[in-house]
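Both complexes below contain chain A, partnered by chain B and then by chain C.
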Partner chain A sequence: MGKIKDILSPFTAWGNVVKEPVTIKKPIGREAAPRYRGFHKNDIDTCIGCGTCEVICENEAIDLVPVDGIETKDGDSGLRPMIDYGRCCWCALCVDVCTTGSLTLSNEYTWVSEDPDEFRFIPGVDKKSWDDNEKGWKKPEPNYEFYGKKRVEMPELHAEDRDKSFIEFVTGYSKQQAEEEADRCVECGICTATCPAHMGIPEYIKAIRNDDLEEGLRILYETNPLPEICGRICTHKCEDVCSVGHNGDPISIRWLKRYIADQNPSEKYKEILNAENIENNGKKVAIIGSGPSGLSAAYYLALTGYECTIFEKLPEAGGMMRYGIPEYRLPYDQIDKDINYILSLGVDIKYNVNIGTDITLDKLKKDYDAVFAGTGLHLGRSTRIPGSDHENVYFATDLLREISLGNEIHVSEKIVVIGGGNVAMDITRSLARLQNNKFGKVNVTATSLESEDIMPADREEVVEAREEKAIIDPGWGPTSIEIENGKIKGLHVQKCLSVFDESGRFNPKFDESNTKFFEADMIVESIGQGMDVEYISEEIREQIEFDQRGRIQVNDYFQTGAKWLFIGGDIIQGPDVIHGIANGHKAAIGIDKFINQNG
Partner chain B sequence: MNNLFNWEPDRSKYPTVKDNGELDVDLSSHKFTKLWVGPNHPGITGNMAVEITISGDEIVQAKTHVGYLHRGFEKLIERRLFIQGFPTCIRMCVAEPDYNEYILSKSIEDLSGIEIPEMAEWLRTLALEMARLQSLLRTVPGQGGTFSLGLGVQWGMYLRDLISDRFEELTGARIYHMYILPGGVRGLLPDGFKARMEENLKLIDQFVINIKKLMFDNVIFKKRAIGVGVIKKEWVDQFGIVGPNARAVGISRDIRKDYPYLKYQELDFEPPIAKNGDIFARSTVRYQELIQTVDLIRQIMAKMPEKGDIKSPTPNVLHWKIAKGETYIRSESSRGEYGMYYVTDGSDKPRRINLRGPSYNHAMSLLEHMLINANISDVHAIMVSLQTCPPEIER
Partner chain C sequence: MKDLLERLNTKYNLTDIKYQRDNLVFLTIGKENTIDLVTHLRDYEGFTHFVLLSCVDWIEEGKFQLTYFLNQPERKYDIAIRTMIDRDNAEMVSAHHLWRQITTYQRELREMYGINFPGSPGVDENFILEGWDDIPPMRREFDTKQYSEDTFFPREGRKTHDPASYMKEKLYPTEPTTDKVNKTDE
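Moving on to the complex of A and B:
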């Protein structure tokens, strides 16, 4: 019986004859799922050409190539990914790792072309039929990351623990914290291109990951002989362009640099940096000013065997790094660590020597083979508003210098600082500390032309100043200082509507009806600094080129028209430490060329 | 008349056994013929070949040949970053990419001490069961196909395509899903996924009834499958037979039960077993598994949470280094134990990986054994009944 069933049963399949077929009539044109991994798209305006897609691609199907119309600039390599569909496997790892989120896949999956070259194309540049297709694979959500998006918090003293003291309040990363932070780096090198000194940032971050801090130090010193200093107060243009910062926090490049420098003991520097036997080449270079540019030039010249002498006007070396930046941001012993290493290479410093009065520039020209001048911007600029000539109106740079020299400065109960840059924040926070010690409370207000969003100071400076109970009230232009019976009553300001005009020039516009009065008995001006180049004699000046605004013109190696004289640092570029370091390095190369090749 | 149908060749005379115990297979004697089945043959799944020596239409000797699709997957993965391994590993068994993804990811997670979120565990379980379903929809009727019963294959392929549709919306691809990666998975269920899946499962419920009538209650299928390609019980341990092939001789061997992983402990199922160890028994076991997989997918969809994290934080994938260590991770694929031995040496690439695929034991040593004395027309049937996947032999 069973056998008969087994013979008949298969025939039940004939029932399908009367059913609708399930075949798709038009298989071509069927739309893929919304998440389908189809052909590549790239938003080239968002893309920065960081190349992480190229690195992660296991088939090496992606190459970063230059594209017409896209210029290399800070934060953009100028390259864009080109994809080879002969190699691609559509795994979409490139999409998942993309730092800016510009790379996606459409859900289109059929494409016919007779031209084999078309299968190697630059998405977003070479037009394709799927460019406007909004569907397709995008980076999955939520919490789907290929690298850490959040930066490791830097341990700091709380505001109440630091607001009376000049002790350094940023305590530095531990090994674990540094390695965790270093792990987030995608090694794109966008930072290196932007850094004025072109530091090997991905390489030294890699050294941290490998726990090879000696190698890290070697990489730092290739381009920057002041890592302890830069590791604390660099303006970190690298972090502004960090590709990881596009969809998360940028890597704490500055703190990682500090970590390497902090962890290497100064006594081992010479051994680590292989600088124990430098041959003297018998040539002499004079350097005016022991700021970042002068020290940097001295370091790289000394390494090549030059005998360098630095002439410093003040009693200690460091220039603005020592006399312009408060100790709580940059402790003096850390400045000394960097400078002492440079001095240990045979660089000589003559302190308290004022070029122009103690020794003339002409004398230096005679005694030395070349001269580098990095004398910086030490002259305060005034707002020149009515009342600004009062004795209790100070320049920030003067006050900061006096504090560093250990001299007592005038501190009153109510202070207004005019300015919104880092110097303004430095003096504001220094004065807040001094007020706290003297009066037990803080009453200092900083006001700037620029509104909060375009204040030139680092964001963290503003935040930390507020934590220390200073008042930051940006967006006001000072009009006059009210003086009654010879005493300052306060500062009148009017609302600033815009600082720059349409062509980007400094041309502030004010709303005169919207005014405000800041009570104060002391006012500090911090609106920029000027250079003092009196030491350059008329005769030499005639050989140097100046532009219309009186700025000194130099060539790529910071050489002036007077071939033996090189000028760099804040006078030429910046003002900041890292530009000074870069200038000094480049000038050292220029000086070497000048002396050896008479170039 | 009876003699005509029950005729058995007289194999007592040849091949004769030589003094040293070897068979005397002398081709010049004209009693034997060499025949290659594959590598390009519709009856061979994937690219491999069986070299058989026949006497009449009976097989005297058999030898499996592989090497037709060797791409060196293990070496390719050993020369790439950890994250770059997973687009390569899936090619080691195209039919069920998810098991490759799972064992590779789990190995990396195991060695770096990463726990994945619960949601990701459920999604992984779902993906693995969907892969089993997709595979069985091809294999169960495929056994009929080896006996020229092509209709069931058509039905199965249609349903398999529907599951591919579900894979497409879940993972972004139909074949190379690349869904399970170190740390988790690459997406939550899309909106309406469960309803669409349920529709497909209902069709499969009907298919299960139809295929029984077409194939299992079919006198021809029974005639050709029962008693053919028998695996003896003692071979199971000798040859390292796993999965449905072992279960078809009455040995309950299933990684999901023996070494529970992912969410299988929370699911209610008992792996089906059969006794006879012939093609019919193996087909029946797979048929029961198909029914069970449908049930498992329903259970998973009912029990899994609606939302949750899909991926645990991992070190930066571009320079992820894993300390020195080794691990062996196993999972139960539709063919049996599918494992990976993974060694790391502290660098950013694996030191050695080795895939343990069931096909290696089944199609190399076991198949050569089983084919002796089989009829030439049963070669494909026996091979398919072992559910061979050649790429995993020569990964």
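Moving on to the complex of A and C:
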């Protein structure tokens, strides 16, 4: 009997041909749960291509790829994630770690295509039907973070403990604090492009995490020979583009750099940086000015074997770092630590030498194979308003220099500072300290053309100045200084409506009916500085190219039309320390090329 | 649901009771009383529908967490019973006699985590991993990436870019960075 059944049963299956099939051709068409993890969506305008999604993906399903129409710029790599759905397991770790929150998952889970390559696409760029789907997986908020959103607070002296003295008020991270802060870094490296010196930021932060501070120091010196200084006063453009800063505080990159430099003792630098045996190549380079660009050029040239001599006009080295930045922000012993290491490589420095009067530039040209000039912007600019020629109207840079030289400066009871940049904040806070010592109270007001939101000073400088009882009253344009019986009575200002015109040019507009009077018996101008290049003789000048606004033109290696003369630092770019360092480094490479080509 | 929990509490030592919703509760019980509780719920509290049995690997604690998910169809109650078992020589009393489909779940857990359920029919047979010769793949010490690199070939045409290097190439290709300086040193 069994045998007959075996023969017939295949035929009975034919009966199913006419039945409704149990399987289905098309997707069910049933919507998934609201938080279902389906296909990716990416808001490509918010995405910065930091690649953190790619790094976290356990299945290596994500590639970062260039996208037409998305430009690589500061803070945006121009890359966007492409997902390979042959590998994606829909775990959504990429969404949970996304620094900008641009990457999400829709709840769409069905999609049919016969081309397997279609299952590799760039969400947000390759348009899909679920792009506007509001449902799906998003990073749960709040308190669900793969890295800390809040930065580890930097210990500081209280305003009352610091406003009478010039001692450093930022006390520095401890080991635990530094490691905790370093742990927040996602190592995307977006910051490196923005740093003028292109420092290996994620690499040295990683060295802190690994507690390998010697490696950290080596990484710092590859691109920056002034880490103690930059670790304190760098304008930290890197932090402005930090990917972690999109949804929280950016990493304290500057303080972490300082931590590495602080922890390495200067006696060990040569050994750590492997600079004990540098072979002299017999070539000589003269460097004018011992500011950041000059020191940086000297360092990288000395490493390559050049004999460098720095000529400094003032009695000590450092340029604006020593004579422009107050001691409470940048203590002199820390400037010395960085500079002494550079000098220890055989760099010679001659103080109190004025190029142009003591030695001519032509003489340097004769005696050396090349010359680098980083003489900075030391000349104060005047508002040229009526009364600005009074003897109690000063330039901020002059006063800051005198304070650093240890000379007593004129300090009166009521002072107004004109300017809203970091130099203005430096002089305001320095004068506040001096007033506090002299009169037991602070009465200094800083006023700038720019309104509070566009003041060029670092935000923290403004906040800290106010903590130290200085008044910051931005948004006013000075019109005249009132003088009565030969004495300054105060400063007349009018409301500034806008500083720049539509095309972004400096062209301030005022409301003349809205005026104010700041009482003062001393006024300080801090509206910018100019260069003093008197030392460049007419003959050399003719070889150098200047633009319409009188700015010196240099090539990519900071070489001027006079081939042996390289110029960098604040005169060319900036003004700030880190651009100077970057310029000096590049000029050193340029000088090396120039000298080698000349045989 | 609250009444039910009160009744159970008099009989069993329940911990970590967490209401996910009014009609869905998670609780934890010791390994030796787990199947007793599951049986009790089925026979006396109307939890006639067995939903699923799952496992989480708590490798740091040296434990596996098993979850028996039951449903009471009349009152639409869901209850998830959790228990922690040792990770080393992991073994759990079989519950296949309560619902026949548990056999399949137990076979899966045997294959994916290496948990034994002595007496469960066909528990040692291949479930989906035919010819598997590595450690159970859902154990967290299993290196999925290494396994896939050793076993599969990469998809052709894939190319990725490191953001920092790509930005250098686009924005400052000639400027000195780490690698350039090293070259000058040499």
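By our rule, the second predicted complex is superposed on the first by the 570 of 599 C-alpha atoms of A that agree within 3 Å, B and C clash if a C-alpha of one lies under 4 Å from a C-alpha of the other, contacts with A are read in each partner's own complex, and residues count from 1 in each chain.
Basically, a residue touches a chain if its C-beta (ideal position, glycine included) is under 8 Å from a C-beta of that chain, and two chains touch if they have at least 3 such contacts.
All values reported here derive from a predicted model rather than from experimental measurement.
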| item | value |
| --- | --- |
| Which of chain B and chain C A:G49 touches, first, second, both or neither | second |
| Which superposed partner A:K257 touches (first chain B, second chain C, both, neither) | neither |
| Touching partner for A:R209 - first (chain B), second (chain C), both, neither | first |
| Touching partner for A:K313 - first (chain B), second (chain C), both, neither | neither |
| Which superposed partner A:G86 touches (first chain B, second chain C, both, neither) | second |
| Touched partner set for A:T192, first chain B, second chain C, both or neither | second |
| Which of chain B and chain C A:R401 touches, first, second, both or neither | neither |
| Which of chain B and chain C A:R151 touches, first, second, both or neither | neither |
| Partner chain(s) touched by A:A13 [first = chain B, second = chain C, both, neither] | first |
| Overlap of the chain B and chain C footprints on chain A, listed as residue numbers | 58-59 |
| Residues of chain A that touch chain B when the two form their complex | 3, 5-7, 9-10, 12-13, 22, 32-37, 52, 55-56, 58-59, 89-93, 96-97, 137, 140, 142-148, 183-187, 206, 209 |
| Chain B - residues contacting chain A, complex | 80-81, 83-88, 151, 158, 165, 168-173, 176, 178, 184, 186-187, 190, 210, 213-215, 217-219, 222, 309-311, 313-319 |
| Of all residues in chain C, those that touch chain A in their complex | 144-145, 148, 155, 158-164, 166-168, 170-172, 174-178, 180-182, 184-185 |
| Residues of chain A that touch chain C when the two form their complex | 49-51, 54, 58-60, 62-66, 72-73, 77-79, 84, 86-87, 120, 188-190, 192-193, 198, 200, 202-203, 219, 222-223, 300, 303-304, 556, 582, 585-586, 589, 592 |
